[in-house]
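Structures are listed in the sections that come next.
Heads up, the next two complexes both have chain A, just with different partners, chain B and then chain C.
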Partner chain A sequence: MRFSDFTSYDLILLAQGLGTNIALFLVTSLIGLLIGLSWALVRFYRVPVLAQIVTFLSELLKNSPVLVQLFLVFFGLPALLHIRVTPVTAATITLSANTAAFVYVIAVSAIEAIEREQVEAARVFGLTRWQVLRHIVAPQAAAFAVGPLVALMVNQLQVTSLISVIGVVDLTKIGHILNMRTLKPFVVWTAVGLLYYGAAKLVALLGERLETRLRAHSAWRGL
Partner chain B sequence: MHFDLSILLPHLGFLARGAELTAAACALSLAGSVVLGALVAIARTSASALLRRIAFVYVDLFRNVPFIVQLFFFYYGLPEFGIYIDAFTTGVVALSIAGGAYASDTIRAGILAIDQGIIEAAEVSGLSRRKIFTRIVLPIALRTSVRPLGSVLINMILTSSILSTITLNELTGSAQIVVSQTYRPFEVYVVLLCAYAALTYLVSLAVTLLHRHLNRDMMEAVG
Partner chain C sequence: MLKVENVRKAYGEVTVLDGVDLAIAPGEVVSILGSSGSGKSTLIRCINGLERLNAGRITVDDFDVSKPKELAEARKRSGTVFQLFNLYPHMSVLKNITLAPIEVLKTARPEAEAIARKLLESVGLADRADAYPAQLSGGQRQRVGICRALAMQPRYLLLDEVTSALDPEMTAEVLAILAKLAAQGTTMLFVTHEIEFAREISDRIVFLDKGRLVVDLPTDRFFAADGGRAQPRVAQFLSRMRKD
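== the complex of A and B ==
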């Protein structure tokens, strides 16, 4: 048997790679969502200095390549602070921060999409700032934000493929390994591409379902 | 822990040459993706269902597969068909095709936003279908989609950092070489991050100015 042929074990390798991508995607999306929302809270309460820092940070993260951010965390941080950073840790930190920057922008524009009169009316009725956020701003902003958030998630799933460059064995890295062993790039990269495509479609489908549920109250019900 | 930017001074010229390569790749890819995007937008708004279907499959596929996978597909896959092109050309082709998928969406939106009355007026004036498209529809569509095309360009500048993975020494690739010479990853990547952010910021300013200039007649109607 030649080692350059495809074996049935390659399918397991591909599945493991995809699993790595999806696991990292889920974890970093959740962390990113929490951080991004807390940044939006800082902006909502107009915390001095901190609000400006958060805006600057998110602009910087949004306008620089994820690859450079990955290199900064994986190669730069250990050199500066003399600490050990594993590829998975570096990938988690970078992707979470990157997701947070985009979540922040989406959350801020969703909050700003709500008319000021509503907030003012609620304040006149004696609601505290937290009650206004909890009962008036948050539910409406969530419905506004869910569409852009789903688009962001589909994008962030694809961004996870970059972690292969710093040595995380994800689907792209598996593709590289299979490519080097079998020397059949067309088959390998088509298979890898289709797996990513399927995962992205799945995320988009789930997001669509969530969106119709959140928007159910404002949907056209017929006469 | 020490942070010293002056070690970068002797390498600035080298980094600038990398930036030139990034700029060249992005300029060529922008031209390629606008041409491709316009053609695909024509197909997506055509009367033929088959053409619409093919164009949709192209856009859907290239938007949902990570760019790095597309790049490896072209870089390793094309030689299998006997097509030998260098890393720069491969990068430009891959960026154009990926960017074309995004550009086609914005141009299509521009075409669909055109007032039907303008097209009817052109038909009544006796212009041929080709003339109507190249002289009336496309200029209006391109003009109104300058801003979204600008964000396609900004995305392209950020994505072009991935070209460093196929041995192309553009800005990110040059920075990696500088790191291996100076052993100062943190300083190099922080500067690189800020350089990309500044570059995309300048591009977005230029796009806003261009958008204002091209649509100045519409501005007056609003203001």
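== the complex of A and C ==
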């Protein structure tokens, strides 16, 4: 193997890698958010059996390493079911499910943080469970949850780097390739690290704006 | 007619209400007295359907609160004011009051807001419609709580120790409003520790002791030596509560 110096094309490679991470992050966050919130709804409506299953699933997902889950989906499922699972599919399934588990936990604790008395008051005035959810629970729970959710998103963005292990050409994988070619690990990993940092900071900033917006229209600083 | 018939309520082993009978006719003001833990608040929670009965029946204008299909109708007919106000902290005063009329009674928003503003004016809070609960004093919050209940135009107003969390000055604010409502002929079931006030506004006073309704008498008879006071528990309670 011949080692060569950096070229300007490497910047495009890095950008492509980052793009892969961000795309995967956006897709899995959206899916995870939808699944996690629907699990929280199952719990809110106390759907029998399903509520227990959901709690168990989320426990399972958040108490085992994402890397192990990724291996299970990428290597385990094909072996068991004799199907083909591409690296991108495996990454999407695993990260979505992992995000869902944490979204569920955050949503449930945000809902539980709302005083039961308010909900009772609304019920006494004849609001249905759906109306209570829409007007009393959801707006307050959203304000409670947005901080932890943003923290989760920042973390999940970085977790996407794990997919390089199963062969998805993401920013970390590009880092490996450049490192092998140039043998300048300090420069390569600093650059890669800074790119992750920049992306994470962007997510955090957007989250902060959302948070101020969610809380701005209300003067209830008591929370 | 609001009817409580032979109601029994227990939390596990602890019996909180033990065969309570009570009837309130439209226009009546009935006060419920009793020590802490006698079951007063639980009775209110049973009437507005927050607790499931172990036995007996509660009907509000013939709608049975134990039947899921009739509970909604029963709840439309009664309005509750809570000890700790239970306002919605993320909504303005106006929204707190108009939420249920708009969502449950399907009142048009402008009309619901007009009613709410009129109610706020009647309790001296016309200028606080856009404030949030956290910006109000306890007395103001409870006045909003009363407006919120009245906005549903309930036939029966259930008041659960509405002044217990307030200091004497704020208590006076709230009681003044209740006196006005009583004078206007509002039907009220008034759980309270304010004995003197209960005596002024009530048509009848009932006394709960350990989940049993031991006295149900017209107000003047309740305080008479050969009436309510003839009951040792009532006499003891009254002498403890009044510092004379």
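Quick notes
In the analysis below, the second predicted complex is superposed on the first by the 213 of 223 C-alpha atoms of A that agree within 3 Å, B and C clash if a C-alpha of one lies under 4 Å from a C-alpha of the other, contacts with A are read in each partner's own complex, and residues count from 1 in each chain.
Please note the rule applied: contacts are C-beta pairs under 8 Å (C-beta built on N, C-alpha and C of every residue); 3 or more make two chains touch, one makes a residue touch a chain.
Values in this document were obtained by computation on a predicted structure and should not be read as measured data.
Once the two complexes are overlaid on the shared chain, A:G175 sits against chain B while remaining clear of chain C. More residues of chain A lie in contact with B than with the other chain of the pair chain B and chain C.
Looking at the shared chain after the overlay, A:L77 reaches chain B, while chain C stays out of its contact range. In the overlay built on the shared chain, the residue A:F186 is in contact with chain B alone; chain C does not reach it.
Look at A:Y196: by the touch rule set out above, it reaches chain B but stays clear of chain C.
Of the two partner chains, chain B is the only one touched by A:N63; chain C is not.
Once chain A of one complex is fitted onto chain A of the other, the partner contacts of A:Q158 are limited to chain B, with no touch recorded for chain C.
Chain C meets chain A in the complex at residues 48-50, 72, 75-76, 79-80, 82, 84, 86-90, 99-100, 103-104, 131-135, 148-149, 152. Interface residues of chain A facing chain C in the complex, by the touch rule stated above, are 115, 117-118, 120-127, 131, 135-136, 139-140, 143, 218-223.
Chain B contributes residues 1, 3, 61, 64-70, 72-73, 76-77, 80, 154, 158-159, 161-162, 164-165, 172, 175-176, 179, 183-190, 192-194, 196-197, 200-201 to its touches with chain A in the complex. Interface residues of chain A, counted against chain B in their complex, comprise 59-60, 63-69, 71-72, 75-77, 79-82, 154, 158-162, 164-165, 172, 175-176, 179, 184-186, 189-190, 192-193, 196-197, 200-201, 204.
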